[in-house]
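Chain naming follows the written order as A, B, C and D, and within any one chain the residues start at number 1.
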């Protein structure tokens, strides 16, 4: 059983109460159907209330939930076939990033996914979903083949961040991530990046240069982990909840800021309550975008991906060169320019 | 001082005798000029005799001579400037392969060279000139830049072979060499490969896919080290001299077999007797070929390099399909076909 | 002596396929023979688990131990039979013959022995076939021929096969097993590495798929050329794959390799191989990979700049 | 407050260069100012060797310790002065202003402090200049501006500079010093990594040279984007360069980095950096590299397919 999250408790208590009433009614032969129906109705409302207006920190908890489906849970729902290809051809096979060739609705695609473990043993194997440079270099190798063979690329993001240890530093973690960014910007094939759980900073972004960026409903995509942010800003990692709010990293925020293109609905209560339905919905949204993108010419796909990236960023630009910096600054609020 | 090689001893003895006579003549005031001139003439003849008809094993000894000039000894003779670039951007900087951008007769070129150490300490640093995969990957990285910036590539070969240890196996020694072969075959820039000392099997070949392959006079270029060959064939590494003869790996052999294109003369006694003259001659030959190659169109350079490789190999081909295998075989001697 | 080479063998006639377009005349496919190789005894002992296996059972199981899944080495022609759709293989260039150019001591005798042992004129088998409905160019090293070593003929046959694949716009699969470049042909053998690799450069530029299957053992110049250059690298379980063999490493630098080093699984762990695949699954896997890489299968029909 | 920012500074007027061809009107070079930054005291203690140095001597030595060669951190404008031929620099986009889009707690105040401290409107300086006779596009992080962190403005300025380099067919040199992506602009900062990298994709495809110079310290999102993407990577001696800082590594996985880890020299040993170059040699080295990479310098005039 999953550990209940704090904010789920009122709902769980209510559901428990309904169960008790049902049991009592059956044992004693007393008709409590009116009361039970009322409570059930109340539960549905409560559920919608809770999951409909989750706070950023609550989203973080769902996105990191130990029972949240990982790539392997979705693979059979999404693909008719998946052939996993391993290794960077240089140093190692990193289990925190999985990739290969798959058949998606009859179309061969290249798939790259970050994978967290389901238990301690698997987490050690997969370094808790934090890839080393060899993981990103494997991803790069497989994406190069996608470009060569004109295959769409589907990436699935779920990482607390790139591995941070001496080994990662020695083998060029920065270089490995940067190479992914450069390469993805240059491809002529459709790329769809989906944030499936945690979208942890540069380690997530390395797979995030899509024509389309999807985010599952209860995920976040952040420049920094909320704990690290709190630790740096307020010298207090326990203020992670405030940081979570300040960072504006939920799917809705990312949509508003021009990074995410669509939010993929999760079953009520989160993907871990019903991986099958979550997978089906994801497949539906992926297919919709992929069939649209496959209609585009390669050079157009590349240009549009560039245009999307190019437009990300909000700043103010002085329109007349003779205008002084200070004047502009005082007009900041009236004059915000969002690049397109 | 260099350790004298066995076959040099008669010459060294003669030169010693001349010195003694000169000293004696000076001390005693006796005119021995006729005798000395005769001996000096004899020495020149002997020298030409020895170095003009060196046996393969003797060439091996010169090529491996501890005082044979390495790349760094030539660098100032060959280039007006040399900026060494380091690292494979993946794992390490291998000191057995050195590379960078140089100015050769006013022309920027990319230079890749295998380097043995001059003493034990340097040899440990350079792994006795035996590159690991990171060395080949550095070479590849720098050659890719040469292609990008339309710079000719000059490679200098001097290795007993690629590193053979667990680390090399773990990091894909075979893959690293193979990638060099594939990449060099595809470039549009002129490539000149020069065997400067030992040309040891695959580890040497990795830098050997030139439009032009030059060999210094007293070098060898072999599919296998003579000791290993003797060890495998005759279970006796001491039969290396026989193997050296059997393998037909001298510059003359390689010229005859279509692998080498020109032999670069060394000063009498070998490059280690006069690195300056050796370097000047090498520069002259390199310039001759480079100025010719720079006149060729990129696609032509690439095609000609392919044609050169394509023509290497000697076999017999049955001309008529109805002719039986056995008939062909009995006619083997009359029917040898050398591909062109 | 040489006339008798093929006498002892049973032949199965494989019908020829139509001549592919743009094929040079000397490359025209012929009717070829696939030999059924039979081990000498009635039973054989598994070198891994020690189980005594009936030869017939072993044959039926594609020479994989029925107890421990140990993959016995098999000949090029046996592999061919396990792979291609019946009657679809057309061999190429089986008339290329080796020349002892260097007059290398003992080479002629070794060649004669190898021809006898492998019952092939040289250690390479190339041609065009169909796997699960998809046409493909196939190349095999023959391990029984001087350890599958590569001299001029092996290099030339593989290079021609790759060049024809480009002309025919077909994918290439090479099954490697080799000790490396053949020393008896000296520098010419060494440059077969460069020659085959150069052909693969062109294949890659033509956008065609190349699958390299590494089987036990693959070493030296073959690992350092075509065997490592596949878009996809597949190995059979337990196959030993490396650049330098463990004995040479020990002799040269006195380093003893740890147990399990240079196995297919070791190579995979070190990121050097995509897939380790049981022999029984090989045909199906190759079939799927070939289909997924067929032109127009995915996004391939769009024009590229 | 902001009106006073530039008041305390001495200005040196640098004459403008002619407007480059194909430049958008808003990118037209203006007459710009280069600030002479003067340390507060008369002397300073070297943090490496402990030597007490006169500020004047330190200034004269490009802020490199005269005793131990320790490279003090210097400002973007100081670097600029050390590099470009006099009077050749024309700054671009110095009118881009930061917006506190997320209304991030304390960001506005931090920005104001940073502007005061760095005496620049944002932490990036870009423009066109000439080094030893060769025209080049130059970008600098300003370390004094919120640790040189990259938000929307830094990303936009660098991206525009790279795009203009493509239009002008000029090489690009970026001097990095940064703590990484700026957290106060959230996901927008993160995507500046992708944006700048995408511009560099186009620069590379245009066949233009990009030299990345990493200075103390360069970390995080900057290492994981443009700083690592140079055709040539140069670092100053002793500069700390890495993806994750040592303190975060310690906090996260309780691993203590060994002494010397993440220095320029460590990075070079691990194959991640081409050259470690003293500040005094930087201009001459860049000049040579730029000349050797000029179009037509070598083989470049020939038509490519």
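What we mean here is this: a residue touches a chain if its C-beta (ideal position, glycine included) is under 8 Å from a C-beta of that chain, and two chains touch if they have at least 3 such contacts.
Just so you know, these numbers come straight off a predicted model, no measurement behind them.
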{"item": "Neighbouring chains shared between subunit A and subunit D, ordered by label", "value": "B"}
{"item": "Between B-D and B-C, the pair with more C-beta contacts", "value": "B-C"}
{"item": "Inter-chain centre distance, subunit B versus subunit C - centres from mean C-alpha coordinates, in Å", "value": "32"}
{"item": "Chain centre separation (subunit C, subunit D; CA means) in Å", "value": "53"}
{"item": "Mean-CA-position distance for subunit C and subunit A (Å)", "value": "44"}
{"item": "Junction residues of subunit D - those touching two or more other chains", "value": "204, 270-272"}
{"item": "Sites on subunit A at which at least two other chains make contact", "value": "89-91, 170-172, 175"}
{"item": "Category of the chain touch graph - line, ring, star, complete, other", "value": "other"}
{"item": "Chain-to-chain touches, reported pairwise for every pair that qualifies", "value": "A-B, A-C, A-D, B-C, B-D"}
{"item": "Sites on subunit B touched by subunit C in the complex", "value": "162, 164-166, 168-175, 177-179, 181-183, 185-186, 201-202, 205-206, 208-209, 221-224, 228-229, 231-233, 242, 246-249, 253-254, 257, 259, 305-306, 309-310, 312-318, 321, 323, 325-326, 328-330, 332, 336, 339"}
{"item": "Contact set on subunit D toward subunit A in their complex", "value": "2-3, 5, 26, 28, 30, 95-99, 101-102, 104-106, 121, 152-153, 155-156, 159, 180-183, 185-195, 197-198, 200-202, 204-205, 220-221, 223-229, 242-244, 248-249, 251-253, 255, 257-258, 261-262, 270-272"}
{"item": "Of all residues in subunit B, those that touch subunit D in their complex", "value": "81, 83-94, 101, 103, 107-109, 134, 138, 145, 148-152, 188-190, 294, 297-299"}
{"item": "Of all residues in subunit B, those that touch subunit A in their complex", "value": "89-91, 133, 137, 171-172, 175"}
{"item": "Residue numbers on subunit D that touch subunit B, as the complex places them", "value": "204, 207, 209, 231-233, 268-275, 285, 288-289, 292-293, 297-300, 302-305"}
